[in-house]
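In what follows, chain A forms one complex with chain B and a second complex with chain C.
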Partner chain A sequence: MTLTALALAAAWISLLFLVAWWVDRRPGRNATSPLVYTLSLAVYCTSWTFYGSVGTAADRGLEFLPIYLGPTLVAVLFPLFLPRFIALCQRHRVSSVPDLLAARYGKSASLAALATLVAVVGVVPYIALQLRAVDLSFRLLTGAAHDSGPWWSDTSLWIAVVMAIFAMIFGTRSLQATEQHHGLVRAIALESLLKITALLLVGGFVLFSVLGGVGGFLDAMRAQPAEWMQVKTAQRGYADWLVLLVLSMSAVVLLPRQFQMLVVENDNVDHARTAAWMFPLYLLLINLSVLPIAVAGRVMLPESTSADTWVLAFPLLHDHPVIALVVFLGGLSAATGMIIVESTALATMVSNDLALPLMLRARSAGLLPLELGRRLLRVRRGSMIAVLLLGYAYVSASSEQRSLVSMGLVSFAAVAQFVPGVLLGLIWRGVQGRAVAIGLAVGFAVWAHTLFLPSVWSGYSVHWAPALQPTALWGYAGMAPLSHGVFWSLGLNLLLVLLFSLSDTREAKEVAQAEDFVNSMRGGADEPTPSLWRGGVAIADLERLLIQVLGAEKTQALLAQTGPQLQADSELLRSVESELASAVGSASARILVSSVATAHEMSQDEVFRLMAETSGALKMARQLKQKSDALESVTRELRAANLRLRELDRLKDDFVSTVTHELRTPLTSIRAFTEIMRDDNELDQAERERFLQIVIDETDRLSRLIEQVLDLSKLESGEAQWQHESVDVHEAVHRALSVLRSLADQRGIRLITELQAEDALVAGDRDRVHQLLVNVVANALKFCPDTGGEVRLRSRNEAGQIVVMVSDNGPGISADEQGLIFDRFRQARRQNTTASGTGLGLAISKRIVEHLGGRIWVHSNPGWGAQFSFSLPLQRSAES
Partner chain B sequence: MTENATLLVADDEDNILISLEFLFKRAGYTVLVARNGREALELAREHVPDLILLDVMMPELDGFSVCQALRGEARFARTPIVMLTAKGRDADRVKGKALGASDYVIKPFSTRELLARVRKLLESPDE
Partner chain C sequence: MRKARLWVLFGLGAVAMLPPVLLLVDFHHATAAWLFALWVGVIAGTALSVRRT
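Take a look at the complex of A and B:
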């Protein structure tokens, strides 16, 4: 069994390595898919999840869940903040959280160093957890007893060493920390698949084979004491859940390996949208097995076995070596993945933010150690070994009885110390680097005192100061140790950051970075930060520096873009700094550039002047943009107005053209007959009189037309004077009929009135109402047939209105014409009879009706006459 | 040709029609009158007049359409067609020419001039 397990473990890790190696060797086509990205985020699930969740659930029921609910909440918000955050970090060549803090707070080397210290020490218990889990599972699988032999027989030491070697192979092949490890990401994705498969497999095995199916599971659950599954019990409460939620929410973004996968390795910000649902789904699936195994363990396993090993215990107990091996591999895989990515991330921090600044400080400015790049790689490898040995030391020091999850939570609490500096720094310009450093240092100290030291040193206590007891600061003993430590460390941290940010003591470059970070997260445009270097550095110096860090090839590529010049300008210095930042972090990059450009760093005054100029220019650009946006919208409006005007102009042209036509028609007759009478001497008296009558009629028509055009234009322009009086519509009907009766009689047209409205009083102008009725009735008369013509006038009340209907038995109006009938001069085109209308009557009628608040419309079936109707609001209802 | 020529006059305005009929009859022509485009087309096909005067804006079928329809028939290929219009816009004049109108008279017109033009067109239709 031992040999099989070792061989399988070696084979599996070799496979991971081969995948990574093959992907990195493959030229191009290295873009990750959303699936791979999501699976790489699942590096979040380590031995903690694999073995520890059951351990927690066995003891404290659902308390294993908040560790996954927190990340789920954050993941759901990915689309809202992650793309901007990633873009911001990648633009600033940020390779870690300390790097992020340094970049945000004026490239402060001391803040970066402090943050690195916090990260390294903070993560040690987490590394230890993995070593402990692999050790436990290996010993359970092989049946080895816990060592009591010499140091070299300790399995966890060998596990730490082997893990360190793997990590070095995977993580330190290139110096460029922000250069993405495409192979590593694929290997982690594969690892995530194995661990979820193994856990689902063993969960299914326990559920169906050990518990006898879902029914058995439910029976076993029911048999447990109710308190087991309750959130609030005598020992714990909602506050503890809240603390776990906050810790896991910060951990899923700020843990070194999470930041590495989430931000540094991301090559497509759109993946955030997929991860937003797929990552929570992964977390849900991987937790499905926890409760069945936990409840089965409570029922069937002796209390002496550690619940952290139950996942592996069941297949072993039921003699399923294949499942046991798969579980062992899954757990090993979860631990290995975590350790490789975590130690890679930590090693980058240590080399960039601790070692390099120290190396640089140890030398006088201008003299750089030779082959800096190779040295840095050595530092990284060394720090990986160191981190794992620290983990081993922690395992050895901490009690065998300590649960896996309780070790991990100590690390979570350390990482949460980054929250004030990162979160506040992204949303509030005013947060200062000094304040963040103070808050972080105090938070870290309180964390070490309340959580870290008690966890490695069982007798840790402060006898001389009872008020500073690690589990009861200032005498508050009511909280669980974890919640207590988190409350004080994070609370003081936050308070100090806020307090020390109140008075602004920042230097210009910090203000500039703060502006950029906060703007970027608010979705502002990415304005490049101005260069804070003065030009004039010799290219040769710069080249020497670059070759040492980046190597000859990259240096040539970088300098080739600038063309032949002997001195670097400020822009070149800025891009050199940015390029160096991707290799050694922003804080060290600044130190490196200043080592060759020491006299060229701008003085405070110069920086302020530049800032003022730049921000002035930016402000002006922003104002210009606003102005141009405003102009654009005005232009759009003008264009629309112009279109409207053109349309109106066209309508006016049409109107003028039509009026011209209508005026010329009677003029044509008048002129023709006048000339005939002038030229024709043989006209008899009767003909002469007939022609003169035509001339007179046409002159009348002309005057009427001119009057109506003027009337219509008065109505349309609103210049018409309106009396406001009570008008009886029925009376107006009779008046109109008396005017038109003779005309009707001449043509033998019958006029029939059926006025049924009980109330005919409307408010309006009597003459206009009369004009309206004359127009409508005259129109009806005009279209009556020459024999048997009949015009019928009816009225009725309807919903506070009087409706008047005037129908004729003429030819009717086609549907097409009905819509146009109230347009000016429309009627002139359909009349086929005498030239008695001007074509404006209905247009004027429509204006009158509408001015009085009514409506006019026409019904007609061609061949069956036409009925014109209008409605006017009654005076009574208008007043009431 | 000039004497006893047959003229077709089409206009929807009664009084203009009366004046034109009277004018041309007095000048010695035979005059056919139509009150709309369709009637004009029917009369033209029935009687094949020597000259046709068409108002542009007529109900049923406007003068341009009548002109176009007639020009499409071989027997009217050389018949002088005079367009009468109260609009007088250049665009209309161009359109009339394009559709094959021989002349274009704007209302109100001088009767002497109209008679002169008709006479000229009857004598030498190709000019």
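Take a look at the complex of A and C:
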């Protein structure tokens, strides 16, 4: 088993390396997808998640959850802040959180160095956690006992060494700290896939094979004490829950590896939209296995077994070596991914913000040769080994009984010390670098005193000052150690940042940077900060400096744009400083440029004047944009109004044309028949009477048409007079039928009424409702066949309305005509009918129904008659 | 994407995970059910809010 595990581990890590190498060999074709970006963020899930979550859940129930709920909340806001944040950091060539603080607070080298110290010391327990987890899983898998022999036989040490070598191979191939490692991102995405697969596999195995399915799982859960699944118990309270939420919210952005993946390695800010839901989904899925394994362990495993090993213990106990090996690889993968990215990020910080300033001092004192580039790479590699060895030292010093999660939380509390400086610095111009440095230093000291030192030194105490006990500062012992440490360290940090920011003692460059950062995060123009250098620098000096740091090739490329002048202007100085910042961080870049510049930085007065000019220009641009937007909006409205007017004009022309045509048809007929009667004296009496009847009918039709045109015109223009009274629709139906019954009888059409509505009272105009019913019923009669014709009137109540349906057994209406039937002068071309009318009846009916707050519609299957229905709101429901 | 919708989702999600609301559901296994349901709801709400229209 030992050899198999080692061989598989080596094969898997080699595969990760091959993926990274292969991707990096294809420059220009390796942009990340949203999925790969999201999976790379899952480097958040380390051995802590893989082994430690079950450990926490077994002992403290739901306390494993806030570590993932906090990042879920932050991820919701990704689309709102991340694109701007990434653009800002990439514009300033920021490669780490200390670099961000330095860039925001006047390129302060001392603040960057302090932040680096906090990050390195703070993350040591987290690295130690990974080493401990790999060691535990390896020993469990191979059955090796904990070795108390000489130091060189300690597995943890060799794991640390091997990890350091891998980290060096992956992370320090180039000096450019802000250069994106696309290969590394792909490798981390792959390891994220393996760890989630492994954890789901073992979760499924425990759920279905060990617990006997979901039912067994629920039974086992019910058998546990109720308190186990509660947030507030005798041992812990809501404050602890809140602290874990806050810590995880800050960690998901500010942990060195998270910042590296979230910001530095991002090559498309649009990925933030996908990551906003896919990253929390990953966190949810990877945690699905935790409760089944935890409850199974509580039921079946002896209490003496460390719950941090239960994930691996189950497949081993049930003799499933393949699952056990996959789980071991998943855990190893989670630890390796974390260590590679974390140590890469930490090594960049150490080399840029601690080692380089010291090297520059040594160089100015003549103690170091000029070669900086290679030396920096060596420093980075050395830093990786140092960080891993510090992690090993922490593992060796801390108790074997200490849980994985408790080690990780100490690191989360350290990283949370960056929150005041970073968060306030992005939203408030007034925060000062000096205040952030004081807050960070005090917060770090309190963190070390209350959390770090007690975790590594079991007997740590301050006997000479009872008020300063690490678990009860100022005698207050009401909180759990973690909450207590976070409360005092973060609270004092925040308080000091606010207090020391009240009086403004900033230097010019800090004021300019504050303006730029806050403006950018508020969505202001993404303009480069104006150069704050005055005077010139000899280009030859600048070139020597660049060659030392970036190498000859990049220097030539950078200086190729400059003309034949001997002095670099302020713009060139700014771009050189920016390029140097991408390799050595913003604070060190400022030191480097200052070391060769005879130029001086602007005074505070000059900066304020420049900023006033810039902000004046920006204000004017904003006002112009607002006016331009307003003009555009008015133009759009005018265009829409013009379109409406044209449409109305066209409708009017159509209407006039149609009315003219409708009037001309009967007039032509009248004129023709009267001329015949005038000119033909021999016309017999019967024929003459028939012609006269036609003239009378046509005259009736004309007057009806004119009446209806006028009526419709009144309805459409809103000039029609409406009575407001209660109208009984059933009564109106009977009244309409009494008018039309003789017409129906003449044509032998049966009128059938089935009025079933219990409530038929509507608010409206009695004559208009009568007109509506006459129109609709007359229309039905018109299209009924002469033999066997039948018109059926029905009513019913429906959702506070009365619905009246008038159906006929005529030829029906085709589907394309149904949509037009209520338009003016539209008459369906129904076959086998000789019906004629003005074509306005249904249009008028529609206006009446709509005025009364109802709706009218038609259903018809051609050949099977048509049914016109209208609904009107009942008076009772309108009043209520 | 509606920015206001994301802020509301964040606000509701945060409030629902905080003590005043947890106090109401913190008994037996109701807390676990509440938190997992909330988790799924926040993910679904975010996915719907950020989809391209």
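As a working rule, the second predicted complex is superposed on the first by the 591 of 880 C-alpha atoms of A that agree within 3 Å, B and C clash if a C-alpha of one lies under 4 Å from a C-alpha of the other, contacts with A are read in each partner's own complex, and residues count from 1 in each chain.
Definition applied: contacts are C-beta pairs under 8 Å (C-beta built on N, C-alpha and C of every residue); 3 or more make two chains touch, one makes a residue touch a chain.
Because the structure is a prediction, the values reported are computed rather than measured.
Enquirer: In the superposed arrangement, does A:Leu358 touch chain B (first), chain C (second), both or neither?
Expert: It touches nothing on chain B or chain C.
Enquirer: Is A:Thr72 in contact with chain B, with chain C, with both, or with neither (first, second, both, neither)?
Expert: After superposing on A, A:Thr72 lies in contact with chain C but is clear of chain B.
Enquirer: Which partner does A:Leu284 reach: the first (chain B), the second (chain C), both, or neither?
Expert: After superposition on chain A, A:Leu284 lies in contact with chain C alone.
Enquirer: Look at A:Leu820 in the shared chain and tell me whether it touches chain B only, chain C only, both, or neither; answer first, second, both or neither.
Expert: Touch partners of A:Leu820: none, neither chain B nor chain C.
Enquirer: Quick one: is A:Asp680 in contact with chain B, with chain C, with both, or with neither? Answer first, second, both or neither.
Expert: Touch partner of A:Asp680: chain B, not chain C.
Enquirer: Which partner chains sit in contact with A:Val634 here, chain B, chain C, both or neither? Use first/second/both/neither.
Expert: After superposition on chain A, A:Val634 lies in contact with neither partner.
Enquirer: Look at A:His661 in the shared chain and tell me whether it touches chain B only, chain C only, both, or neither; answer first, second, both or neither.
Expert: first
Enquirer: For chain A, what residues appear in both contact lists, the one with chain B and the one with chain C?
Expert: none
Enquirer: Help me check something: in the complex, which residues belonging to chain A touch chain C?
Expert: 62, 65-66, 69, 72-73, 75-77, 79-80, 221-222, 226, 229-232, 238, 241-242, 245, 273-274, 276-277, 280-281, 284, 291
Enquirer: Under the stated contact criterion, what part of chain B meets chain A in this complex?
Expert: Where chain B meets chain A, its residues are 12-16, 18-20, 22-23, 26, 35-36, 57, 59, 86-89, 107-112.
Enquirer: Residue numbers of chain A touching chain B in their complex, please.
Expert: Residue positions touching the partner: 657, 660-661, 664-673, 675-676, 679-680, 682, 694, 697-698, 829-830, 832, 834-835.
Enquirer: Could you please specify the touching residues of chain C with respect to chain A in the complex?
Expert: Going by the criterion above, the answer is residues 1, 3, 6-7, 9-10, 13-14, 17-19, 22-23, 26-29, 31-32, 35-36, 39-40, 42-47, 50.
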